[in-house]
Amino acid sequence: MPFINIKLTGGSEAPSKEQKAELIKGVTEVMVRVLNKNPASTVVIIEEIDMDNYGLGGESITERRKK
Amino acid sequence: MPFINIKLTGGSEAPSKEQKAELIKGVTEVMVRVLNKNPASTVVIIEEIDMDNYGLGGESITERRKK
Amino acid sequence: MPFINIKLTGGSEAPSKEQKAELIKGVTEVMVRVLNKNPASTVVIIEEIDMDNYGLGGESITERRKK
Amino acid sequence: MPFINIKLTGGSEAPSKEQKAELIKGVTEVMVRVLNKNPASTVVIIEEIDMDNYGLGGESITERRKK
Amino acid sequence: MPFINIKLTGGSEAPSKEQKAELIKGVTEVMVRVLNKNPASTVVIIEEIDMDNYGLGGESITERRKK
Amino acid sequence: MPFINIKLTGGSEAPSKEQKAELIKGVTEVMVRVLNKNPASTVVIIEEIDMDNYGLGGESITERRKK
């Protein structure tokens, strides 16, 4: 029952429904392959963060994308 | 000052305002009863996760609900 | 499959094994009672934080406990 | 590459775009000043929580603000 | 710069150093493959949770493993 | 009552007790200065992550530090 929380940029960079399904599938597979975890109790949560709310290097991603 | 973060499915499964108040009250009471924590500094945060963004068994909850 | 993460002070204030079991049981019961969630897929994680690492009011809990 | 996650009340108390930029800048500066961390790999994520979803003292902030 | 936080059971079930490296590599590859994310700013954090502190179905994993 | 969670490398890179106090103080000050938040209910939690458990660019920090 590992718990995997993915935080990534939302808005115009938000993953599509299909990509989210791929992320859930792919990350779960890694847990099964590497640690033989039970997929049935492997929880994956994807959180889309607005680019104004996501900072790197002291700046928001919104600002960084302008450069 | 314990911090309790609850992540659960949103959308059509999102808790109502009253249910959220019940969750906050109930979880705080457990902290007080079991550990004698000060409710005044017990923080509870509920995060509603879209069912496309919530995975179990390698699939999104959206897909699982279809079965 | 709600996910509940509890962060609380560790060290001399760490909950005992029995208290942790009570927390897990109590918090799961609140999810079942209020939202009729399936306990079998309700995940609870307790994280014990050293009092030097836990701050409130701009001070560590270690410092606050001295007052 | 420290990771800083800020959860705060949203809705009518949500920070403005400029305030979010200030938070990202300010928190990154603290990491650099105190620990000489590399700002280029310092990640800051701000999450705005609805006041119905944010509890303190066993009550939602929505309720507390009415008093 | 996605952020991936993996919480899993520690103690006797803790992943080895090699397995952790595999998890970091594998999860980063999923982010690159599915979303074309930049691996250089993809952060993965693995947190090992004591089995007394990890609950499922209202019980600690320590108790569940005894059955 | 904002909640700030700081995850950073532990082990040989772990902050000292004084540095943790500085981080708590500094981050709380940013919340007060930028958003006029009440320091008395501003919670800061610092989590030290083993360098084997912290990944960037698909590698653990332990491996990156060797280069």
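The letters A, B, C, D, E and F name the chains in turn, as written, and every chain counts its residues from 1.
As a convention for this text, a contact is a pair of C-beta atoms (placed from the backbone, for glycine too) under 8 Å apart; a residue touches a chain by one contact, two chains touch by 3 or more.
Just so it is clear, the structure is predicted and the values come from calculations on it, not from any experiment.
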>> Going only through chains that touch each other, how many steps at minimum separate subunit A from subunit F?
In response: 2
> Can you list every chain in contact with both subunit C and subunit D?
Replying inline: A, B, E, F
>> From the C-alpha centres, identify the chain that is farthest from subunit E.
In response: D
>> Between 0 and 180 degrees and rounded to the nearest 5, what angle rotates subunit B's CA atoms onto those of subunit E?
In response: 180
> Copies subunit A and subunit E touch; is their interface built from the same residue numbers (over half shared) or different ones?
Replying inline: same
> Given the two chain pairs C-E and B-F, which is bridged by the higher number of C-beta pairs in contact?
Replying inline: C-E
> When the centre of a chain is set as the mean of its C-alpha atoms, what distance in Å lies between subunit D and subunit F?
Replying inline: 14
> CA centre of subunit B versus CA centre of subunit D: separation in Å?
Replying inline: 20
> Multi-chain contacts in subunit B: which residues touch at least two other chains?
Replying inline: 1, 3, 7, 23, 27, 41, 43, 45, 47, 54, 56
> Line, ring, star, complete or other: which one describes how these chains touch?
Replying inline: other
> Who touches whom among the chains?
Replying inline: A-B, A-C, A-D, A-E, B-C, B-D, B-F, C-E, C-F, D-E, D-F, E-F
> In their shared complex, at which residues does subunit E touch subunit F?
Replying inline: 5, 17, 20-21, 23-25, 27-29, 39-48
> Residues of subunit F touching subunit D in their complex?
Replying inline: 1-9, 15, 19, 22-23, 26-27, 30-31, 33-35, 37, 41, 54, 56, 61
>> Going by the contact rule set out above, which residues of subunit F touch subunit E in the complex?
In response: 7, 47, 49, 52-60, 62-63
>> Going by the contact rule set out above, which residues of subunit B touch subunit F in the complex?
In response: 1, 3, 41, 43, 45
